[in-house]
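First chain A sits with chain B, and in the next complex the same chain sits with chain C.
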Partner chain A sequence: MKILVCVKQVPDMASKFTINADGNWYGEQGLAWRMNEYDEFAVEQAVRLWEQEVGAELVVISIGPARCREAIKKALAMGADRGVHVEDENCFKKDPYQIAGILAEYAKGEHFDLIFTGMQSQDRGSGQVGVLLAGMLGLDVVTTIIGFAYQDGKIRVKRELEGGLKAVVEVSSPALLTCQLGLAQPRYPTLPNIMKAKKKELTLISVDDLQQLPSLSQTALVEFPQRRKGGLVLEGDVNDLADELVAILKEKTTVLARK
Partner chain B sequence: MKALIVGETRQGELLNASQEGAAFAEIIGAEPVHFLVGDKENLPWVRGPIYLADVSKYGEYSPNVHLSLLLEVVRREAPEVIVFSHSSYGWDLAPRLSLQLKAGQISEVVDVRDGAFVVPACNAKLRRTIRPLGDISVVTLQAGAFGPFQASEGTTTVIDVGTDNTDTITFSGYEKDATGDVALDKAEVIVSAGRGVGEADGLTLIKALAAVFHGEYGASRPIVDAGWTQPNRQIGVTGQVVSPKLYMACGISGAIQHLMGMKNSDFVVAINTDKDAPISDVADVMVVADLKQFVPVLIEKIQGR
Partner chain C sequence: MEYSREIYWNVGQQVVLPMYILSGVSIVLMIWWGFWRRIKIYRNGKPLSRWDKVAKRLGDALFSTLFQTRVIRSWGAGTAHGLFFFSFMTLLSGTFLVLLQEDVVAPFFNGRFLVGKFYQWFSLSLDISGLVAILMLFGFVWRRYVIRPEGLTSNQDNWIGLSLLLLILVTGFVLEGVRIAATEMDKDLRFWSPVGLAVAASVDDLGEKALRNVHMVIWWTHLVLVMGFIAFIPFSRLRHLILIPVNVFFRDIGPTGKLVSLDLTDESIETFGAESLSDLSWKDILDSDACVSCKRCQDRCPAYATEKPLSPMQLMNQLQALAFAAPNKGSKTESDTGMIEAVSRDAIWACTTCRACESTCPATIAHVGKIVEMRRHLVLMEGAFPGPEVMAAVNQVEINGNPFGLGYADRGGWAKELGVPTLSESTNVDVMYFAGCYASYDKRNIQVARNLIKLCRAAGVRVGILGSEEKCCGEPVRKLGNEYLYQTLAEENISAFKRYGVKHIVTNCPHCFNTLSKEYRDFGLHITVEHATTFFAGLLAEGKLQLKQQAFECTYHDSCYLGRHNGIYMAPRALLNAAGGTIVEMEKNGMEGVCCGGGGGRILAEETLGERMNTRRVNMAMHTGAPLLASSCPFCLTMFEDAARAQDIEENIIPKDMLEILAERL
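On to the complex of A and B.
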């Protein structure tokens, strides 16, 4: 069995964001980078499947600038067999259709039985790349899975819907699944596994060597949103803050009134 | 311009997608045409014709079949924009359609600006305006961002659509989490823990704070996913929707899916080290502090009052 997992490197969302000089994405300075959270669940599920299916091969792929190799290395340390880095400094300018197109270019000759992606990337949040990739490869796809079981080519997943509702869905391999938070709690790479990962194969492909699709949409502008509420912001010493908050709660709410 | 608006049916109930899509169509000045896999006895109150596929035949989730139904309607109506809700149904189906049509898709639209669409990025810390490049585009709308539009009477024109109903993807039933005995919806005060609590231990602090208010504690999703508390305490679109007198978000960034579960609370206090966290969008008071230092002091002050 051959398994592919697609990972994207994204900024830590608690970072202080700036906007780049062209005004079409965030600036890179001051950001801490990590693997897209949804993709961590995808990697974990892929590794568990690989552990279940003896003799399986698990490949991890990422498109992005040199820094995204860190995300690939993390997946290798979690258990993937080999990595593929499609180096692309301008990845952020490509729309989901083009990103999926690049992944499809790589994957089409490899005949993966199962492909895992995140349901969305935290920075862009399009939720499209997985579904588009499946379509380009002619695979069935089920999105937003929070439960997964595989037996002899039969896949049974739980799709997460709104309000705590789930749908049980069955599909056969080859197929693609987009992974939701909570699917399978990602393991922490151990130090020995981090060391082992350094020796694993990591293939570098230049994006220019892969055929590319035209874009179907384009970013016109990136800006900071206006904050909607304009509530009170309290900063300073915790003692003073607690006094201030108690006073506000007494004045504005009834929750401290009768006790 | 013509907009094809895709409705949703879940467990026999109509969801808001048609109404919100109609509100969006009105804003962009498009003539609305609707599509729904649903029941002819239960149609949305909208203007314009509605293409109806019988849900008892085509199912509530059968994406390959719903796709071919939609392609048939697109062929007949030639819309310039196709509108979905950014929901588990919409984000599953929309990219399937956009690929078939080679249409640019813009996900989670919250606003419209000169023919381009505004979407959040980076957990709503940024906004991006995206322009579709072709003649036809697909959008998914953030829940609650538009409308809902409500016509004074239901549509008169219903057009049946059909196709072969075999799918390689099989839906075999719904499952629902038991909400158990936690009455979050009755609590006057809910203190919620987010990833900012650090370790499982940090939750103890949140429980203690909830206790001094005689309230309940809740949690954001990562806390539940990590197994630190039960799913019936999760607040948000995939958990509980609550509106207590006081909601305290401790170490919660304020992702839209969380906000959808608590934004109607009477009074919201956020405790966060990041002043720019999007929870400030809905917070009446934003306390910029490390909760591990602040919460113990707050508990003491309330008790010693």
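On to the complex of A and C.
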């Protein structure tokens, strides 16, 4: 069994963001980097499957500048067998279609039985790469999974729907799954595994060797959100307050629409 | 007439040889049979050299044993033990003097010294000692079997040992009384043995023949009891007579509470921390065997007091039981691989590393290091933490250098409006302030940091910070067992200090202080590191810091890492007094101070078991009636604020960092 996990290195969301000189992405100054949180769940689930299926091979791939090797190493420390780093200084300029194309170009010859990706990245948040990649490889895809079980080529996943509903879906491998937070609590890498990760195979591939497709869209402008007005504080008698609140809810929201 | 007596009266010199044979046999039996097999068990532990500074070690072991310095620190049972010990040693010296005279000095040099005035006082002091020893023994029995203090565990060793001692002392007095009745009733000398005389008076009318028969029987009984007692030592709790002085000799002689840094550069090492007993050192196993279950540690353990499943004493008992469960086998016996589960994970995580146990232990047992070793196994080998919130905080320390998950770039943000330069802006400063995570990011503690700057400026001290180049010192994650992350942080901080040629660091966090001043030495940091309290106390003494006295009443909480870990008790009190403060001490203060619950990385963990430690400590502060709870640690302040808020007692007692109180009086 061959498993692939796609991971992305993103800035920690607590960082103080700036906008880059071209105004088309965030600036990199003062950022702390980490593995995309959704991808951590993907890696964890992939490692658990790898532990279950004796003899399986687990590959982790990431596209980005040299720093993104830290994210690959984290996945290797969590348990992946080998890493693939697609070197690309300008990956932030690529749209999800082009990114998926690069991944597909790598994956097509490798015949993975299962591919895990995060549901979305914390920085761009398009949520498209996994789905596009599945399309390009001709794989079944289930998105937003929060539960996973595998037995003899049969995959049974739980996925999140709107309004708190959940669905159980069954597919057969090969397939691609995009992972939601809460799927499987990512483990803390043990020190022996961190040490071993340093010696695991890490293949470097130039993005030019894999890039076949153009970008279909460009980021025109990145801006900070406009400052909104502060919240509304109601004061006075409790009975009046309740009436006021109901009036506001009726007027501005739909939460009271049903009754 | 010269005062003296015939030694070996009635039994005669011919007893000397069998007596030596008997004592020789019992001592050999004791050492070879008893202790040798114990030493073999100790050797299942990892090697560790404790042969440095032999003279100091020997002096400490002898002094603290002979003068019972660590035992009598605890009033009551400790005092009684001390008195018993001194009495027993007097009796033992008496016996040795008799032996010396009769078997060495008299036969070889034809001299006698147990005569005249010396013999009078010799008799009297032995009599009083015997009486005191018996009284203390009754006290021990009363405490152990009648009062039965909570948590005191007894086994057959206790009653056998106590009975033997009592019988030895009583037969001693009977012997003396019989001898006096037969030989001294007409001499003044009898009044120098008041207890013996009392016995003599009651047996006086038996007649000499009967007295001689009784004397003979009791003499041999006394001897057999003594030999039995010696032979019993290695097989019972009485082994503490030998093991505690030995344990004191081999103790960790400092720096106080400093942890062992793991060698993470050696790639041949693949296991870290302690999963089984054989991962601990021989000294750790000796520690567990030297424990006499006096429960002083348990009485002081903040985790035990708040119903957590940890007792330092029981931990030692568990380790000892494991070590001796399968003797005569090599390392990694089946029984000892279950150490973690035997101790229980909850117990391992409950420790706040406050050192209340270690600082009170009369046997100088080191409990904390063992717990940290087990935590190292859990974190480094299993990736386990006390809870998900702790793992999240540790991840954040890794990413942003602080446990709050706030951006690293903003670490120096609190100091911007004060115009405090970062060292990258200017190295023209007298001291570098290492703010630590709490004073950098936590709103409440930022106020303390600002006051520290105010105080520095008032004293004419130019101060700079590292700002975004500073990282968590690594203390909480290290105490949780994450040695790898700690060492990464230590190396980054030290390289920043070196980059700017920092020579003098001041910090208001006792955890940072302890780490930077002690633990970073292993990574090559040897510069002056001071805690704010000693730093400002120094400036006050030099007259550079002027405080306007303004009367107030407060109680002062000793941070564990300032007090027990570093012995700083006076500087904060001197500063509070200089500011006009009257300190109403809590019952448990100074070395007996009780942890706020934030040490040992617990500041990052939810306290889900038992009563909350911070609540308990704040209630102790409330009992003083003082309106102000002064402390000098960001963890303590945070814990106390939480406790005061949770109990809605913020109006009765206000927790403050003492730097705030000082800054109000500039």
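Just so it is clear, the second predicted complex is superposed on the first by the 228 of 259 C-alpha atoms of A that agree within 3 Å, B and C clash if a C-alpha of one lies under 4 Å from a C-alpha of the other, contacts with A are read in each partner's own complex, and residues count from 1 in each chain.
By our rule, contacts are C-beta pairs under 8 Å (C-beta built on N, C-alpha and C of every residue); 3 or more make two chains touch, one makes a residue touch a chain.
Everything numeric here is computed off the predicted structure, so don't read it as measured data.
When the two complexes are overlaid on their common chain A, residue A:V54 makes contact with neither chain B nor chain C. When the two structures are aligned on the shared chain, A:R187 is found in touch with chain C, with no touch to chain B. Of the two partner chains, chain C is the only one that A:M195 touches; chain B does not reach it. Look at A:A32: by the touch rule set out above, it reaches chain C but stays clear of chain B. In the superposition on chain A, A:A21 makes contact with neither chain B nor chain C.
Looking at the superposed arrangement, the partner reaching more residues of chain A, out of chain B and chain C, is B. Residues 14, 16, 185 of chain A touch chain B in one complex and chain C in the other. Of all residues in chain C, only 264, 267, 270-272, 379-385, 388, 391, 394-395, 399-400, 405-410, 468, 484 touch chain A in the complex they form. The part of chain A that touches chain B in the complex is made up of residues 11, 13-14, 16-17, 19, 26, 95-97, 119-120, 122-128, 131-132, 135-136, 140-144, 158-172, 181-182, 185, 215-225, 227-229, 231-235, 238-239, 241-243, 245-246, 248-249, 252-256, 259.
Residues 12, 14-16, 30-34, 185, 187-192, 194-195 of chain A are the ones that touch chain C when the two sit in their complex.
Chain contact summary for the complex, chain B toward chain A: residues 10-11, 61, 63-64, 86-89, 91-92, 94-96, 98-100, 102-108, 116, 119-134, 137, 168-177, 179, 188-189, 213-215, 221-222, 224-227, 231, 237-241, 245-246, 253, 266-269, 273-277, 280-289, 293-294, 297-298, 300-302, 305.
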